[in-house]
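You will see chain A twice below: alongside chain B first, and alongside chain C after that.
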Partner chain A sequence: MNSNTNQNSIWRSFVRYGRYLAQFVFSLFLLAILSFFLLNQMPGDPVLQWSGLGEPNQTKQFDRRYSDATKTLHLNLPEFYFSIHAKCFPDTFYKTNELYQQDQVRSLLWEVKNWPALTAFLNAEKKLRNGLSEESLTQISKPLSNIKSIAELRKFQTGQLREFQSGVGAREDTIVKTFDADIRSILNSSPVAGWWIPVLCWHGQSNQFHNWGKELLTGNGGVSWVDGRAVWSKIDNAFWITLRLSLTALLLSFLIAIPIALFLSLQKRNWLHRLILLSLDFVFTIPLFWLASLTIVFVLGPVYFNLADYFPSFEMAGSASWTGLILPWICIMPGLIAYLSRFLFKLLEEEIHKPYAQQAIAKGLSRRKWLSRHGLRNAAIPYIYTLTMAIPAAIAGSLVLEILFSIPGMGRLTFMSVISRDWPVLFALVMLNGLLTLTGYLVGNIVVSYLDPRLRIPESTNQGQGL
Partner chain B sequence: MIAKNQNSDKDHNGKKSRRFGLWAVIVFVSLLALFRPLIANDQALIVITDSGYEFPAFRELPSHWMLRSEPPVTIPIEGKAYFPLIAFHPQRIDLDQRLLPPGAQIKAQAKSGRHWLGTDQLGRDVLAGIIHGLYIAIIIGLGTMLLAFAIGIPLGWLASWTKRHSLSIANWKLVPFLLWLFSILVFNNLVLGNSLFTAIGLVNSLVFCISFFLLFRNKSGKGKSSSIQIPFDRLIFQFAAIIDSIPGLLWVLILGALFGPSLSGLILIIAWVRLPEIIRLSQLEADRIQTLPWSEAAIVAGIPTTRIWWKHWWPAQWPVMQTIFLFGVISGVVLESTLSFLGLGLPYGQVSWGTLINGARTDISAWWLVLFPGIMLLLFIQGLRALSRYLAAN
Partner chain C sequence: MRSIPGHISPWLVLAVFAIGLCFASSCKKSAEKASDTTLNIRIAAEPDRINPMLSKSPVASQIEQLIYYKLLDFDRVTLELIPMLAKRMPTVTLIDTGIYRGFTAYDFEIRVEANWDNGSPITGNDLLFSIKLAMHPEVPAGSWKNFLEYIPQVEVDQNNQKKLRIYLNKSYLLADVIAGNFEIYPEYLLDPKGILKGISYQDLNDAAKLKKLSADSSFIQFGQEFAKSGTEASTMLGSGPYKLDNWTPGKELILSRKSDWWGDKISEKEKNSFFTANPSRIKYVLIADELAALTALRNKQIDLCNDIEAKEFQALQTSAEDKNTFNCFTAKLMQFFFVGIHMQKPGLNDLHVRKALAYAMPVDKIIQQLFGGYAERIVGPIHPSKHYYNKALKPIPFDLGLAKKELNDGGWADTDGNGIADKQIDGKKVELSFNLLTTNKKLGQELALIFKQEAKNIGIEINIEAIEAQSFQKRLRARDFDLVNFAIKQYPGYVDLEPSWHSKSIGEKGNNISGFGDASSDAIIDSLNLATDTKEIYRLYREIQEKIYADQAAIFLCSPLERIALNKKWRGEGSDRAPGYFEQLFTER
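Take a look at the complex of A and B:
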């Protein structure tokens, strides 16, 4: 490395950190795909939930409003850039029917394996619905829309349809008869040749995933299904509150934990030392939700201290005030302090048992001086890495506190969006959390590899040099 | 010399007695959890009637082990009955006795008994609930970690191995792997609602599996025609990084909303959250072991890869993994009780420490609902930590 020219080393460091950056972007892309896949799998019909239309009732007005809402939400587009499907499916299956009918059509198609025949049948069904009067339609509409398989269709034809046919007038009788013939033709249809061949279909940029990602990156992140507000504006407020809660707690804990670790490192190994270590160990294991519940019951509850007047809730104290955050801090900080101080102490202990430190101390360097000149500096590398990891973890960890102390931060927003099935908000939060975590990795990796060249990714790996 | 001998003898005895004490505690706790219906139940242990003896409490054991959330129907007792120590069923809802403080006596019933630790917001006895919660904690802790170990440790080995060597496994050993892939694809078809095991799903899966196999087969070198070249290490690290990039609690919320509340689902989800950590630690340990002389000697001697993993790596990394196992059990139980506390974990009707503490959210003067289950949780955690410390010291 020393023999390299300056320019060369700049290029090398660019390549080195560029790799971290490439890894970051790739991971983020994978995370986005995963989140989008999960978002699509979540229970509930997005259009019904967003538009509040109520259950499908087979009226024309409903269908029109439903398809309008589908267009507004961009759900009439393919899901991804490409799709792989069996040959018996049409390329544009995603827009041939309304969303709430697609499961039914799909399961029928899997049995018939013949798209033209099924289309003819669906058109016949539509014709039937248009031809019949409202009154007689109500008798047959529900069983018709519940048919999910060929066996059910056959049963419908021989049972309910016959029954219905016997009770209608001459004009409707002919309509039902043609429909009966249509059912017979689909029952007799044979599968398309080579229906099982997998087909790759390219849909291009106008797809749901692309729109979702674009909306998250440049737009307002979509709309909430609950109150119709823009997702990012909902998250924006909550984010700063959470940051105020958790980042301050984290920094305060660092400020307290570092002196404790230094004290432990310099202190003689006597009973006090053991006591402090044991109590730190104990404090670290106390579950956060239990500590918070204890605080609420004993400090705020009416039976014991009843100090609710001194510690007002976040909303009562006003969002600009800090008094609402004191109790949450008291709950979250002991664990953080215990973890951080024990970790630094362990790192310093490992460092001082290394040969160089032992030799320096044997030659007369005092422990205190060794600590300030060498120990802290060397222990700082893994410690900084922990800090960058701890920020997203602390933000996620504030969930319990925010729910218990009713602080309108990100954790509570997450909880509420799960409770009310508000998936766009939930997955925007997932992406934000993922972004923070991956940024933590990125910054941590770059800082650490800058501080300690030994920890850099090796530039050539011995990939595939087998036995 | 004699004194030294005596000393070591004493040490040995001390160790022995400590080990005995440890096993005694473990056995006691497991018996308590397993035979909860004989200790806390509103069914009688023995009923003496004119016609003979009956043992209603024993009949409940299977449903306890299967974790059914419905308590059995009580049948009026004729004759002399002997009740268990705690005469309450942990899941029996009794709205007349809501939120009773510790030590409250019931008078209105034929069988007298005290709620030693009070009752919760649905009138269920807290002490019985705590003992029942012990069983749930053990099931969740063991279930999650066994699952995470079974998947995570082999993946860690694979990652560590492919970092240094290409994988050389006989073709026939790939069959289970392909079957696994195949089953995932079938499952995929199932979940996506395409169809149940239709021909199309099977054919697609087969085509995918075979093309995957053909694409990555290494054809160079006639002697090793069966070795494959897939960058498993990168794939596995990427997999772990993706799971890690969403915080554990968020994963549990998402997957819990997707699959609905159930105990087995919760175990699967917590195991999924633990997976990256297990993979990483297993891979680190394997990295360390791989560079040891005896491991390299085993490789040079031509011992099959999978045999090296099972017979040599696993015993060598067991001391570290057992600590990780215990810590994983702890964090699994804490995660479960946090979720149950938030009302998102266990299905309605199941009693665990978290659901008991949750009761205090309806009435913040009910301090006994927070204190006692929490102390039990803390004892459980500290006990496991003590066990891990003991195991590490030996």
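Take a look at the complex of A and C:
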């Protein structure tokens, strides 16, 4: 009987934490899909950016080089395991054209609703461009490139093409005639039957998302599109620097705020108390960039204190010294301490007004003893929970501080990845932040449930709860 | 459960913290100050990598030019094309027989003294290796690949490997620049296994052979490894006077002067500015924020700071203390701004409207307000520092009266009283209401606002669309705009106007955003690209500038001046090539 109960309880906790873990993994997966698709929707052509080919140009081998680079970046693969598209689109639309041309082709296809007809026309256009002499091409190239809809194509056929045809020689006349016939056939083509029917297409494992996820989990996280460095090694550097800067500041502020809150709680409510509260509010409202800028000018600048020797603010990156961190700490910690001590003070105030506290104090327990034995412990629960939730944000870095003090941390890395559109790095950063946030949430729950058994995850919903 | 101690004195915690701070600060009293032999330069952004074939950031090319030498390059002061690794300028021969008939051959000889760091000579084989490397399908050297289309063959003289011949497949204005423009990489260091040795340059140009080669994993892996390189000092060795000593990502790059550099051994007579390399160490310190950079400049952590805001730059020149410490100078950068006009849009296809817009652009006000006076007016798509800049063309004055007159002459008037001029065209009413595309940079937006206000006064409505850079490029490529804020950077020497002003570049594969061009202007550009006589070249350049000016294909604004401050312990001057100075020439006082 006893062993049965034991087994049951082990099984129950297994199910409980298993479910929790499954939720955890599922959330991360959702985040991965969401960020992957959002990044893919960003305007811009990663192939042109990465390959250094610059803007599309007329060099003969441009198209081949473009497609080589597309393959190297695996952008010639479908985006996801499956896709849903209208029947008039081909299953392999993702690899039919250069990325920078796909929008134009897509909008034409939505009008024609007939892929074979459109392909025939696009091929005919290529044939025309290859067949014409350079001079003739110069004349027709301008209007040809302006065609972005069927209406424009019709206008082109009846106007500019006729005009062009009248001025060319016999050899080119045949080419133009063929092209004219091709235009007519696309204008006369009718939409394929049931063009609107959604079609589900399975692409299998060979897709961009799968590749990206695999790199992230098993490899070096892929390669940065900007400098070719391995993604995880780039993040590794920044991670430890930010950890030293932000996490230490957060933990120190967290500890320093406790005595301040206790002091406030024990202090008589007089003008001094009000003054301290007011000062904390004031400190909290000082903008970080302003404080940091002033610190740089006053502390490091030669006009005032000239302490650049003691606080080597531009020297800290990568070095083992902690002194470079002091000024950033001085800027970031006052605000944090003010916020946290104000927060904890409020928690203690709420606690002390609860009936059990009032009763204990009425029975003669001193305020100081009540705080150390009961108040602080109860207020600690939300306080610690706040800390665990703040850690991921701290690791995400402080952009303002990192820019002003030239610290190569996570904030600056994220910012630079966005600016330079380095999606492999940004994707890894988003996933790392997601992981840390979820872990923070999990750790917070565990710590809180350890401190307060009432807050543990209910074992089963059908057990009922005491009223 | 442990109880949380409630009796910690807050003062105790603060005291411990304060002691910690004092201790920490005393540990590093000897923070490294700018050592006297090191030139400390502030950079606002980090280079992406140090590998001239692959890097894309401007600061990377600034540093690379001290590490990697080419056959020829532009002198940083005179802006003339001069020999670098080459002994002299190439001899040019037009080939009239054999398989290369019609091609132009450039014969170079590499200096006898030129050696790699291991003592082995720099030869034509290294150049051949470098361009083969660029052609590797896994190497994203796009700009090299674009240039190499002009080069069908490179031959190294087997009797004297210092001699080489580069063939160009067409006569072209920029041919000598292209032929001598490739940085040379050391074959012994990058390809010790000789993977590219057995593969010819032609093989890499041939799609069928490339496909075959791509099946060889060692060949592919070799390219992939090189594509990742450029961040480690050990593999990034060139033939220049400096080598990358250390790179701490996010912090600094240190270059050190090679002690036994081959360039020191060449005779005084043959030396040019590329063979002077004074600072023994150059440290590039990354300080993104300008305020922090100026503080570092003032407390002597750095010696040189560029890209200083106009107001700060003036302050540096007025305060007595700063005046004693710094030399402030400006440099023309080969960059200019203009407002591009989509000449095919209704309304904008009328020359009167384009002219009216140009009269309504207060360029002088813009120079004063947005550049603090540190910019120079321009009249066409050629930088004013070039000899062939057309000085005869007068800058268009800001004159709303003339602007209104132009609109009247074109038959534009506000008939419906909505404040916007209009006109009936083909039975349809066309209003002068345009969108002005700009990136979300501050400069572009402020410029757009000034322009919008003035244009309103003459009955032209301008709607500003400030968008993010990549969307901006996309819209530009699709020619989806009426007016657009645009910036252009140019190299010294001649400029190829074909990509931006020939009608063949109007389509998607070209940069002719305004749609300018007719048979006569195309003919000028075509003959310009084939011309060889300097006088003729200058004449053609001036002619095409006149045409663009007369057609008002864009509203040309100004070319900014770079603002630089240098600590007086260094002597040095500005250069019209980016970044506005040539650090290698700086000497200590």
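Just so we're on the same page, the second predicted complex is superposed on the first by the 376 of 467 C-alpha atoms of A that agree within 3 Å, B and C clash if a C-alpha of one lies under 4 Å from a C-alpha of the other, contacts with A are read in each partner's own complex, and residues count from 1 in each chain.
FYI, a residue touches a chain if its C-beta (ideal position, glycine included) is under 8 Å from a C-beta of that chain, and two chains touch if they have at least 3 such contacts.
Just so you know, these numbers come straight off a predicted model, no measurement behind them.
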Message: Going by the contact rule set out at the top, does A:I296 touch chain B (first), chain C (second), both, or neither?
response: both
Task: Scan A:P43 for contacts with chain B and chain C and give back first, second, both or neither.
output: both
Task: Look at A:Y339 in the shared chain and tell me whether it touches chain B only, chain C only, both, or neither; answer first, second, both or neither.
output: neither
Task: Determine, under the contact definition given at the top, whether A:L31 touches first (chain B), second (chain C), both, or neither.
output: first
Message: If we overlay the two complexes on their shared chain A, which of chain B and chain C does A:F254 touch? Say first, second, both or neither.
response: neither
Message: After superposing on the shared chain, does chain C or chain B touch more chain A residues?
response: C
Message: A:R421 in the overlay: touching chain B, chain C, both, or neither? Say first, second, both or neither.
response: both
- prompt: Does chain B (first) or chain C (second) touch A:S51, or do both, or does neither?
  reply: second
Task: Using the touch definition from the top, say if A:L262 reaches chain B (first), chain C (second), both or neither.
output: second
Query: Who does A:R373 touch here: chain B (first), chain C (second), both, or neither?
result: second
Where chain A meets both chain C and chain B, residue numbers: 42-43, 103, 293, 296-297, 300-303, 403-404, 421
- request: Spell out the part of chain A that touches chain B in their complex, as residue ranges.
  value: 26-27, 30-31, 34, 38, 41-43, 84, 86, 103, 106-107, 110, 195-196, 198, 281-282, 285-290, 293-294, 296-298, 300-304, 392-393, 396-397, 399-400, 403-404, 414-415, 418, 421, 426, 429-430, 433-434, 437-438, 441, 461-467
Field: chain A-facing residues of chain B, complex
entry: 163-166, 168, 191, 193-195, 198-200, 203-204, 207, 224, 227, 229, 231, 238, 241-242, 244-250, 253-254, 256-258, 299, 330, 334, 337-338, 341-342, 344, 354, 357, 360-361, 364-367, 370-371, 374, 377-378, 381-382, 385
Statement: The chain C residues in contact with chain A across the complex are 1, 3-14, 17, 21, 24-25, 27-33, 48-49, 54, 56, 137-138, 140-146, 149, 205, 207, 227-231, 248-252, 285-289, 291-292, 295-296, 298-301, 344, 468, 470-471, 473-474, 477-479, 499, 502-511, 515, 522
Query: What part of chain A is in contact with chain C in the complex they form?
result: 42-45, 50-62, 64-65, 68-69, 72, 100-101, 103-104, 134, 137-138, 141-142, 144-146, 148, 223, 226-230, 234, 237-238, 241, 252, 255-256, 258-260, 262-263, 293, 296-297, 300-303, 306, 308-319, 321-323, 326, 368, 371-373, 376-377, 380, 403-408, 412, 420-421, 450-451
